[in-house]
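Dumping the structure here so I can ask a few things about it.
As written, the chains take the letters A, B, C and D, and residue 1 is the first residue of each chain.
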Amino acid sequence: MTERSSPAYPPGQRSALCLTFDLDAHTMWTSKDPGNAARPAVLSSGDYDLGQGLDLVLGLLTEHGIRTTFFVPSDVAVDAPGAIGKIVAEGHEIAMHGTDHNPLPDRSRPAEAALLRTVKDTLEQVSGTPVRGYRAPLYDVTEHTRDILAEIGCTFSSNFMDAVHPYVVRGEHGPIAEIPTHWALDDGPHLLFANNPPNYRQFLANDQIARIWTDELRAIHALGGVTTMVLHPQLVGRPSRVALPARLIETAEELGEVWLPTMGELAAHLLDQEVT
Amino acid sequence: MTERSSPAYPPGQRSALCLTFDLDAHTMWTSKDPGNAARPAVLSSGDYDLGQGLDLVLGLLTEHGIRTTFFVPSDVAVDAPGAIGKIVAEGHEIAMHGTDHNPLPDRSRPAEAALLRTVKDTLEQVSGTPVRGYRAPLYDVTEHTRDILAEIGCTFSSNFMDAVHPYVVRGEHGPIAEIPTHWALDDGPHLLFANNPPNYRQFLANDQIARIWTDELRAIHALGGVTTMVLHPQLVGRPSRVALPARLIETAEELGEVWLPTMGELAAHLLDQEVT
Amino acid sequence: MTERSSPAYPPGQRSALCLTFDLDAHTMWTSKDPGNAARPAVLSSGDYDLGQGLDLVLGLLTEHGIRTTFFVPSDVAVDAPGAIGKIVAEGHEIAMHGTDHNPLPDRSRPAEAALLRTVKDTLEQVSGTPVRGYRAPLYDVTEHTRDILAEIGCTFSSNFMDAVHPYVVRGEHGPIAEIPTHWALDDGPHLLFANNPPNYRQFLANDQIARIWTDELRAIHALGGVTTMVLHPQLVGRPSRVALPARLIETAEELGEVWLPTMGELAAHLLDQEVT
Amino acid sequence: MTERSSPAYPPGQRSALCLTFDLDAHTMWTSKDPGNAARPAVLSSGDYDLGQGLDLVLGLLTEHGIRTTFFVPSDVAVDAPGAIGKIVAEGHEIAMHGTDHNPLPDRSRPAEAALLRTVKDTLEQVSGTPVRGYRAPLYDVTEHTRDILAEIGCTFSSNFMDAVHPYVVRGEHGPIAEIPTHWALDDGPHLLFANNPPNYRQFLANDQIARIWTDELRAIHALGGVTTMVLHPQLVGRPSRVALPARLIETAEELGEVWLPTMGELAAHLLDQEVT
């Protein structure tokens, strides 16, 4: 999978901003430590994810007329179809994020392909929408992942940290768009806290975090790349933290010529260019 | 325990601010490592908790006419009845915080119920006041905790991170008010330091921490929720750090319509609404 | 050892500031991991301690006419008598800091007493000055430490974090002054870095650290306490970091009525008051 | 190797600034955990190192007419000769950084000498340029390293943290220049992030990091020393982070009399003075 091409955005757009969300709910905690299943207060952050956090995040997106992509573990979709319904009703896209936020139990190609097929089917059934892309829990893909995605009818992966421009790779089963990101654009390193290593850390005030994110958005915009935010309603959806994606939206408006597509839309645009 | 209702505050109040304290004293350190019992300098922070730290915190509260809730491990109450007396004399409420700040030794319902009954009795004997609520050490509740609290005559739990509004849950033994909080509103993540992982970390200056707390207070106020601060005299009671709760009080005064009740008062108000 | 008394400072002084230094040199690293003895680049920070770092620190103190206390592991004194000579020549006091910065190999009273006697003798021989006080490596004292100090003719300990006022404790062998400190006033939590947990952390800019220290100095001054800084030439003696103790000195000058004694002088003053 | 001398810089220069880079690519990750070899998203940061990151860094250096030194593991040079070619084409110097960023497999003098000879040969073959210096992965040198460097025809080491002035040591096989550095001048402590301890940490905004670096540059300049930056294209080469070395260059221009040589040039100057 070595063939790559540099895409252009639609006319009038210089860069892209993907404000995506991972809706991990309880799986954020059970995948860190199975013992958390018996710790209601730890799990309660996952309830915030599906409740107040999701409401604040959806409110922000709707206020600005933004449709984006939500990556959802299939177990979360099955357990909380109402949350998926709310997301879909606002026009957002549902994409894959594994089953239960755990690493792949079997990293062979057949096992990974079977798992991704099942996840895709489940998400499509719960959401009633087509599912076209994947972010692996903790970005832990294999060498097979992108070709499997092409094989099962997907158009995008958002897992790599090798570039600031989205690009197309072509494997045995066809092309797939990679929409790269970086840990600094994930709200986990900034806002995730747990009462044990490595997540027992300080919190920083919004100004520090917003500065990191808007600096990166400005610099990626100057390069014509894609700023892929990886956000979580249980983190950036805290009452005072929802101001952080709001600042990115403001900065994008100031910059102008920033396209805010769903990942499916960005991938479709890239793949269209690929063909012609 | 799935029934919930959204409460209103007393007339003229838009949100609540609970500036609660956990008085862990030596148990903060012996529960981290039993070996600390033989480390007088480590334990000495617990002496600060009961001495200078408590004095500075009580002084601040009295200066502003605030009565609040102190969560106290029963071992601390037994060892330091004088500190409990000082707290009660200023009109504050005493609530449960386990025996020795260790996790529950037995998570079965009968064992937890027996433990909480004993803790309640001990605190009531030492303090001479009724005890009505519970914060588990490290928020580590079980699925039984809130129903046990109702059973033994309590009115509130302050352990969950699922919401910004206080709410009532109703189990087999009656209703209980949950007054939710969040790690970012606990002074531990900001100010706790120990000479080993995960607590060997940087300290941040007051401006960073105050900004996080007042941003969250303002945002929760706008939502009509409760800002539950979880503070420790040995952390936020350091001479320069007592300015942090002072800033929250100033911000609440600026905002106006912020109710600063004891947790018992907030719970009583919620449960009254429940009945009518 | 429960008897305590609150001291007053000399006429015209409202609080005290002890800008003390621990000169750990290589022992900072060999006590963390004996394997560091074979890692010249790790040890080289200890050479900075005895060389450029010490020069910058001594230069600052001399510039401001401040004499203070240097705590030195006896192995460091034996290995680097020249550094001790430089310190003593500037009028500073030498005090005990264990042998090799390791925890006590035997925590029994006789073993600890024998060790402290040997350390005292060694330091007195190398420095040619009387040795009167002790800070345990990592503040790790025992229940016997302060009484042993009284027994062997010392006047002060600087290990506890229980108070902001210096105080006198009286054991079987006589009185000893405790000059308390706090982790936030140690430059280790702010500036120590090593390539493994828990010391792999961010560095913060001077403004953040200076703010924490001067806030605490101002607040302790208001309470009439002692601000005990625990500094290391290999940390705060980096070229840009020596500005940090400089800021404390400036703040003390602004405040006025801040006494900057050696710990021996402070202890003598406290013990004199004790007797009368 | 105890003989040392204090160097002067060329006429008109008061201090030196070495903006060096370590081009670790995939070896940054495989040396942390061999399992990372099967984690494409983790490795992808190494692709950024060789691609976008290197381009941004080379662009900055060219824009300011700066030639500097790139330390490259020999495995990286063999795998990515194109990247080495780009670096050399811009006039930069290639220096040694081990084979695969792992610690020395055998710390005996003959084994280390054999390894360094092979690394030197490999780098010279790939780059077509003479190789004259060494930075050990994680600065992990042995007591033999500098004498081996002299023996195999090198002129400099950049591993120690004992001084702010470059100096010459003379072993059995001749003189070698040490160009010292410090962890705070390495971008790893500020910008390296991995999803496990000890590298799961907060990111800080550019202002904090730039302040630390420019404060140190100003203070070392005042002392007439060398500010040795240890940078990584995959860290400081992120779109918004390349502003950090840019700020150092601006500060050096403001200060004036700051020499920005390659390490080979600085070493040659030092060794020339040594002889005369």
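Things worth noting here:
The criterion applied here is as follows: contacts are C-beta pairs under 8 Å (C-beta built on N, C-alpha and C of every residue); 3 or more make two chains touch, one makes a residue touch a chain.
Composition by chain, UniProt nomenclature: A, B, C, D = Polysaccharide deacetylase.
Computed from a prediction, not measured in an experiment: that's the story for all the values here.
Set against the Cα centre of subunit D, the chain with the most distant centre is B.
Of all residue numbers used at the contact between subunit C and subunit D, under half are used by both chains, marking a mostly different-residue interface.
Put simply, the C-alpha centre of subunit B and that of subunit D have 50 angstrom between them. Look at where the CA atoms of subunit A average out and do the same for subunit B: the two points lie 36 Å apart.
Shown for subunit C are the residues that touch two or more other chains, namely 197-199, 201-202, 204, 207-208.
If you check the complex, the residues on subunit C that touch subunit D are 38-42, 44-45, 47-48, 51-52, 193, 195-208, 238-240, 242-243. Here subunit D touches subunit C in the complex through residues 107, 136, 138-143, 145, 159-164, 180, 182-184, 189-190, 197-199, 201-202, 204, 207-209, 211-212, 215-216, 218-220, 222-223, 225, going by the rule given at the top.
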